[in-house]
Structures are given as structure tokens and as C-alpha cells.
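As written, the chain order gives the labels A, B, C and D, with residue 1 at the start of each chain.
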Amino acid sequence: MERDSAILLIAAPDREGLVYTVTDYIYRNSGNILHAEQHIDSSENIFFMRIEWDITNFKINQENILSSLEDMKQTWRMDISLYFSKVKTKTAVFVSKKDHCLHDVLYKTKNRELGIDISCIISNHEENRRLAQYYEIPFYLYPMFKDNKQEQERMQLELMKNMGIELIILARYMQILSPEFVTHYQNRIINVHHSFLPAFIGANPYKQAYEKGVKIIGSTAHYVTDDLDKGPIIAQEVIHVDHKDSLDDFICKGKELEKQVLTNAVKKHSEHKILEFQNKTVVFD
Amino acid sequence: MERDSAILLIAAPDREGLVYTVTDYIYRNSGNILHAEQHIDSSENIFFMRIEWDITNFKINQENILSSLEDMKQTWRMDISLYFSKVKTKTAVFVSKKDHCLHDVLYKTKNRELGIDISCIISNHEENRRLAQYYEIPFYLYPMFKDNKQEQERMQLELMKNMGIELIILARYMQILSPEFVTHYQNRIINVHHSFLPAFIGANPYKQAYEKGVKIIGSTAHYVTDDLDKGPIIAQEVIHVDHKDSLDDFICKGKELEKQVLTNAVKKHSEHKILEFQNKTVVFD
Amino acid sequence: MERDSAILLIAAPDREGLVYTVTDYIYRNSGNILHAEQHIDSSENIFFMRIEWDITNFKINQENILSSLEDMKQTWRMDISLYFSKVKTKTAVFVSKKDHCLHDVLYKTKNRELGIDISCIISNHEENRRLAQYYEIPFYLYPMFKDNKQEQERMQLELMKNMGIELIILARYMQILSPEFVTHYQNRIINVHHSFLPAFIGANPYKQAYEKGVKIIGSTAHYVTDDLDKGPIIAQEVIHVDHKDSLDDFICKGKELEKQVLTNAVKKHSEHKILEFQNKTVVFD
Amino acid sequence: MERDSAILLIAAPDREGLVYTVTDYIYRNSGNILHAEQHIDSSENIFFMRIEWDITNFKINQENILSSLEDMKQTWRMDISLYFSKVKTKTAVFVSKKDHCLHDVLYKTKNRELGIDISCIISNHEENRRLAQYYEIPFYLYPMFKDNKQEQERMQLELMKNMGIELIILARYMQILSPEFVTHYQNRIINVHHSFLPAFIGANPYKQAYEKGVKIIGSTAHYVTDDLDKGPIIAQEVIHVDHKDSLDDFICKGKELEKQVLTNAVKKHSEHKILEFQNKTVVFD
């Protein structure tokens, strides 16, 4: 866990020699590859790669790695993102009243199961302040009324900018973010929707599921886009239900799923294992 | 398995004394209760029951049981269905070209895992004749063209009437049954839809799922109603997929699910464990 | 949830008329049956039943119900236990240092997902005192050394007796209870073992599993008996692992399972849905 | 599916430059990498790799690839296996009376879901001859009596040698193979054991599971070694059971698992995705 490594996420038009080029770069500079995963989207012929290497003896300083890749990037028309295993993702957690997802995210962060650093908890309600205190995380209240949304979002964004927030977790945050807000954190806002998307989009998905008489309910973690509940899916989980289950049972069983998919998605994101492409995700193991 | 028992399926407005009344009837007539399950739909206050008792020493002859229940039925405003464990459900299997569900249904029927008797296989294509022969089941070909559907369905219905068919299994039958046809077999036609309904209704659900980028695909067995893919759901199963899975992989993984949900639903139906109510099902264990 | 009902758990030699007798008793005294489940162990011919009825208009006072059943009990040679839905099970939670199960039990108890009342947390370590305070539950420290086990257990038992404890949850309690201790709480101590029992009995089950190269790991909740890790199994859950998973990954994935099986088992116990028989359990839905 | 590719399976002591060396070889010879997966066993510091590349324009002829790798192999102390996507694995299926696994293997082979070519079915009983005929596969009967095992195995081996058999599937074959037999097909005999190994080794695992009162049953596909039921595990699957399930239900539910794990393991083997190491397997996605 405490390794000192660099991680490259690459997307590029597929061509012979791509893997060779990347591994050659790492080998020439004395990096030892720890993990390498690739995927080719055969319909669009796009090559995706995640490669992680030990930088203990790497000949290029961390701050110079990106510039040292510039030529390769141009030649192969790569999208490149670079991360370091020792740098945890600075994160803000948004929550309303329901606290099960917040509990799970806080607990697992504290136990180092998620590679994030929670800088703040932001809420439109008071209810979760005490929990934030227990975990010693700053808690910021931004109540939402009919007319103050734009102003509140502006202040939230400013706070997050000052804190250097890189990832937003919507842990059952019951407000719809404005398109302006979303623009600032593209593919960096993870929401949990309490249905097996694309089934039961919108409000009260458990109620919709209950009335339909489905035998399985689900939960979905996805990146937030302007299109409500339609952003790229990261993780989904399901559980069986039957006629004995009331709507309350659906909700209760669903809470376990919501926690699961949300923390799984956050873990993948913070390990830099997710690539987004045409509203779908590549999620490496 | 070889027990000699009677099974009652009951639906009635919930009232104090219902269970007592039924068990009293069985006890007074020297039946020994083998299984009893009940469910109360609390929103509509409807009571559902499945009760099975050993009739070896039952004082009322099989043919007189229904009439002996007439008073109870009136008094408690019950819907009643009566079945006997020794009578297997006479079944017709409809299939087009794809044979995985047909294979599974035939194999499990032969191995007595499903409590049905397959009287015939009906198809709009020749492909599965040889398989029918292997299992020694009569195979009837009803090719479907633009204009002959009404006539073909009429002949199918006549054939099934002559054979005393009680249950129709659509084992990947790629024709839409007419409302007239469905009327004759209400809650007695089981279809398998290759998606996790209500997601991806209609054609090419795997393709829809692939394009949406879901992380789980599913399959649904349901009773057929006039409303396409919207009949009461009996069973659902799902499996995880990821970016590595091509559309072909979706289809291949899905085939296993389709078999599973279809045979599970047929098993429940033939064991008389399903009650339908307001387009939902109670499926007893 | 807030219904006012009585629950009977019955075990008796199977005989014609058992269900009738019980339902007759309830009906005659103006009880309305809410749930009734039965099971017959066909090898031993034992009848098991759980029946729950609304006592709002029941003619017999709660304190007299047991005595009113005395004749029936004798005649049918029944084992009978009586519970009331409004009375929550008084519970003590034992824990050592690892806190994931404790977190889950406390959270779900507070959210009324488990029908228990936690009277105290007992630990051999200090670590979880702060968590106990957050949930406002008394925390008692009983450090365990080489020679003080007998004395500490005696004091624990005394404390629990004074508190009227009916159920003990071992939420990753790393001490083996003495047979004397277990005697006081037969079928009332629920332990979680971090393997798919009976595989990997004893210490370090995840390490054993890792070295064996299994592709699935599991977790088991069971009642504690004198025979270590061999008490009647209540619930089991599993998750897939593969070669990419390190021993740490096994442990991390396993924690989710441990929480799940433990809280599921506690829920079933507190809803009075478990009957034990010959070291196996009947767990009603 | 119909691609023309080569696949290398490599195991070697982990060293900087391994990935580079292999990709360099492929790139220099005009191969386009289709898939590359690697794994490092960190306890033993062994590097495992599966790499697949398009050989349409590869500069080295198929028959010369292995010799062209000789230097690399020596320098890096590699274990190397080379396969071609167009060459299907020649397979013999062994079966006794139970036919569910045989059905599934034959069906999926015919439907090209498994990358094998079934050359023959070998049995110690007559029962499955008709099924072999349906799929037009030669069926060989080798009855097993007290004293003829050595002789029968010798003849089976001769038959398989003549047919060029590379893989043996034990599709519920109820004979224990002699160590001599196993020697000829190390890591090339796949067996299905009807329990969640290492639980319930030996005879009647479902009966053992039933008597123990487990809540989950399983099935395991593994390579056969001299040590009965202890060879390296390839795949495992499980399903929930409860008190309502009889021993027959266990067996019936288990059959589905047995089919699943067996065909999954065969698929992985025939796609050359399995590496064995110290009685454990690396199974690439």
C-alpha cells in the first residue's frame, strides 16, 4: 500500500507500437512496472491504458514526468493523466439528511480503504454535523431555498476551490446541481442513484420498483452530467426482493447497495482506474 | 416428490378467521397439512394462501373437493384454484431458432426437475425439429408470414385445445402473440425477456444495454399480457459485465440467465406457487 | 413495525391437526393472524412453526397467554416460546479492537433496522470506548490476562444478569468463551466467523483461504456452542476473489461479509424467526 | 472471434524490463498487441503474463516463433507456452452416468462458446452413448471393474495419444484416476467437485453439507493432481440454500453450479488464460 509509484491513464487512437512505446519510456528511465492494463474499444478503435510503475529509482523527477511525455503525447495523439500513489485525492462529501452513505464513506476513509482525503462535508441540513465532528471533518451548512441556489453554489465552488477539491461525492445529496456547477467538476462528481439505472430514472425509484413488482432492486454509482441520472455508469449492484418485501424493506435493502456502489466507485476513482469515453466507463480491476 | 396431495391457491379480502377456516376444513376431513404459506397485501388488504395437504386418507374424493369448498368460497369471497400433485401441467413450448432455452426446458423436464408434461413443441422455423425428436416430443411447424398470423394462431389454438394444453412456454419465441391468442391463456403463458425489465423494453435489449454502458445485465420471466413486455414479473436474474465484454459476450452471458429465469418460473408455476394480483405476482417459496 | 402482536415459536412431533389447533386457539380468542410459517423436518418428523397475530383485541391478557397454552403444550408435546413485537431484545455487544461489525450493529440499531435494545458494550480493550460514547451506550472494560478469565467472565455474567441481557452479539470478540459462560446463553450468543464454515475453522481463516487459492471467500454467523466454530449456522455470505487479491484484500472484502451476516443473523434472532434443532437452524423468512 | 493471433503465457522471476522486452519483440516483428495482462506474485516475486497479438503481418512464421524466443527465454529464465487462436484444444470428455455436465459441455462446444474440439467421449457406462450420437462425437466404453483399472487406463491413454488429446474434462466421472494416468496430463485434466472446496472433500459432499446445515452450497472446478480434490482451484460458484431445501434440492441446485464452474474453467483453459503456480492458479479475465 505504501509504495511510491506513478500512474498513467492513457487514451489514444489504437496503433501498433503503443504498448511498446510506453513500456520503453518507463524501462529506459529505470521504472519497474507494477501494473499494466489495457483495453481496446473495437467499435471506435480507441486504446485505453493504465500503467503504474515504481518510481523509487526513476531517473525523471516527479514534476518533470508530464513534460517528458510531451513528445509521445503529440506523436500518438494521446490523452494523458498522471497521478502519484502517495497523493490522496482531495475530496468534498455532499450530503442531505440520510446518513448511511456518509457513515460508510467516512468509516472507510478513516480505515484507509479508500484512497481519499476528505477535506470537508457540505450539507443543506444540520443533521449530520455531529457525525462530521466525530470524524473530525469540517462541516459546512449551505441551506437551500427557492431563490438562493445560484448564490449557494457559487460559495460552495469558492470554498472547494480554496481547498483544492478534486473529487465530489454526492452521498445521497438531495439537490440537483446546476449545469454551471457540474462544468467545474466533469467526471469528478460521483453520485449514487437508488435504482438499477436506466430503470426508474427520477424521483422515488424504490416506489416505482415496488409498484412494478420487480424481483430485483439495484443501485448505481455514476459520474454526474447535465443530463439527470444519465451520466456514465461506474458501478452497479443488485439484490433480490419478493412479495414479502414492503416498500420499507426495499428502502432498507437498498441502503446496503447504495453504500456498496458508492464506496466501490470512489475507490476505483481514487485509484485512478476509471476512464470515461462516450458516456461509458472503462473501469480497470 | 411422489406424494399424493392437493393444493389450494386462495385469494380473498383479509378477515379474521381465514386461516382457521381453511385448516379446520382440512383437519375435519382428515387431511394432513404438508405446506402452508400465506401473504397479506397490506395496501389492498388481500389475503393470499397456498396450502397443500396429504389426501391419502382425505374423506372427500378428489372430484368432490371443489364443490365441498363452495360454501366457504361464497362466505369469504374467495378466489380458489385446486390442483393435485400427481397431475402434471400439460405444456406446449413455443420456440423460434435460438435453442438454449428449449434445451434447458427439455432436459429438466426429462429429469423431472419441472413438474410439467410437454405435449408438443411449436415453432415458426424448422431448426429445432431434430432436438424435439431426440426428446421424442411432437414438433409442429407454423411458419409465420406477413398475412397468415391470424390463421396460424387459430390453428395453434385448436391444436392446443385438442391436446388440453394448460401452460405455454415461450422459449425465445420471436413472434408477438395477438391479444386474441393471449386471452385464451391468461396468466398461463410464460415468456422470457432478455433484459432486466422494465429496463430495455422492446427489441435488441442487449444492444441497448451495451450502448448504455451498464455494469449488470439481466433477464426476466413474466406472464404475457396484451401490453408487450409489461406482464407480471415472475423471476429475474442478473450478472455483472464490464468494459471487456463485447455485445457478443453480453448475449452469451445473457443466455445463461434466460435459461435460469425461464425454468425457475416454469417450476414455480407448475408447483402452483404463483398468484397474480394487479399485474404483480406472489411467488411462494 | 409498530404493530402490537404476539409471536409463538413452536416445535413438536408432527401430527395431523397441529396447524388447526394453533389457529383455532388464536381465532377463538379474537386474534388476527399476521404471519404463519411452518416447516416439517421430514427425516425426524418434527413440526416447526412461527405464528404471529395481532393482539389488539385478543381476549387473553399478555401475561396469561403462556398459561392458557399449557394444555395444548402437554397434549401435543410442544416446545413453545412466546414473544411480543413491542418488547425489544435486551442485548450486550462484545467486541475487541476491530470495529467494523460494532459500527454496523450500532448504526442499524439506532436506525431501527434491528429489533434490539443495546444495553451495554463489553470489551477487553479500550479502543471502542469513544464509539460507544457517540452512540450513548455504556461501555464496560474487562481486560483479559492469562489468569483472570474465570473471574472476568463471572463479573460479565453478573453485569448481564443485572441488566436482564437476553442476547449476546460477538462483534469480532477475540476471546474464546468458556463452556460455563456459554451455558448461560444457549442459542443466545451470536458469533461471526470470518470464513465460509466449515472451511477454515480456527485461527487466521483468511490466511488459510489465501494459501489454498480459493476463488470465493465467505463469512458465517452462528450460535456459539462449546464446540469452537461448530455451533448451528444462521447465515452465510460469500464474495468472489481472484489472484489479484492480496491477503489484505481478502480481509477488506471479508469485513463487508462479516457485517452483513452478523446483522442479518441478529435481525432474524430479534424477530424470533430462528428455531434450533440438532445443531441446525430453521430460519423463517 | 475469428482473429488470427498468437498467445504467449509467461512465468519468470520478476525483473525490471520484462514487459518492455516482450512488447519490444512483438513490435519489432510487426505484431499488434490485442491483449496484455500481467500479474506479480509479490510473496514469491514471480511475474506472470499473458500477451496476445495479431499475427496477420507478423514477420516470423508461426512454426519459428518459439525458436525465435529462445534467447529471451534463457536471459530472463522464462517458462513459456505458445498458442494460436485458430488452433482449438483437442479434448476428451470423461463421464459416468450423470449427464448434466456433459450436456452443457457438448451444447456450448457446438455453439462455439468454448474454444475446444471434442474428439471423443469416454465412459465407464453405456448411458450417454445416445447423447454422444446426437452430437456426433465418438463414444468409447471402458467399463471399470475391480481388477481392470490399470489395463483400461492404459488403453484410454493410448486412444488419447493417437487422437492427440491435449485436455481432459471430467464431467462427473466417478472414477479416481491413478497417479500414473495423471502424470501424462498435468494441469490438463479439469475436474468438477460438487462442493465449495476445501469444505466437504471426498464422497457425498451434498450430504455432508446437508447434515452440517450450511446456508450456501458450492461447486469447484480444479486441475487434477495426485492429491484427491486438492489440485489447484480454477473456478468456484455458490448458491444459497435454507431449511426448506431437502438433500434432493441441494443436489438439484448444485447441478447448475457444477455446469457453470466446469464450462467456465474449460473456457478459461482453452483461451489459454490459466497459469498454475504452487498449487494455485492465476486466471486472467
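Please note the rule applied: a contact is a pair of C-beta atoms (placed from the backbone, for glycine too) under 8 Å apart; a residue touches a chain by one contact, two chains touch by 3 or more.
Here the structure is a predicted model, which means the values were calculated and not measured.
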Item to complete: Would you mind telling me which chain pair, A-B or A-D, is linked by more contacting C-beta pairs?
Response: A-B
Item to complete: Would you identify the chain whose Cα-based centre sits farthest away from the centre of chain B?
Response: A
Response to the item:
Per the C-alpha means, the centres of chain A and chain D lie apart by a whole-Å value of 37
Worksheet item: How many angstrom between the C-alpha centroids of chain D and chain C?
Response: 42
Discussion item. Counting only Cα atoms for the centres, state how far chain A is from chain B in Å.
Written reply: 42
Practice prompt. Going through chain D residue by residue, note those that touch at least 2 other chains and give them in order.
Written response: 244, 285
Worksheet item: Which of the residues in chain D come into contact with chain C in the complex?
Response: 39, 41-42, 196-200, 212-216, 218, 232-238, 242-244, 246, 279-283
Fill in: Contact set on chain D toward chain B in their complex
1, 100, 103, 107, 111, 113, 134, 244, 248, 252, 256, 260, 285
Discussion item. Under the stated contact criterion, what part of chain C meets chain B in this complex?
Written reply: 16-20, 23-24, 26-27, 30-38, 40, 285
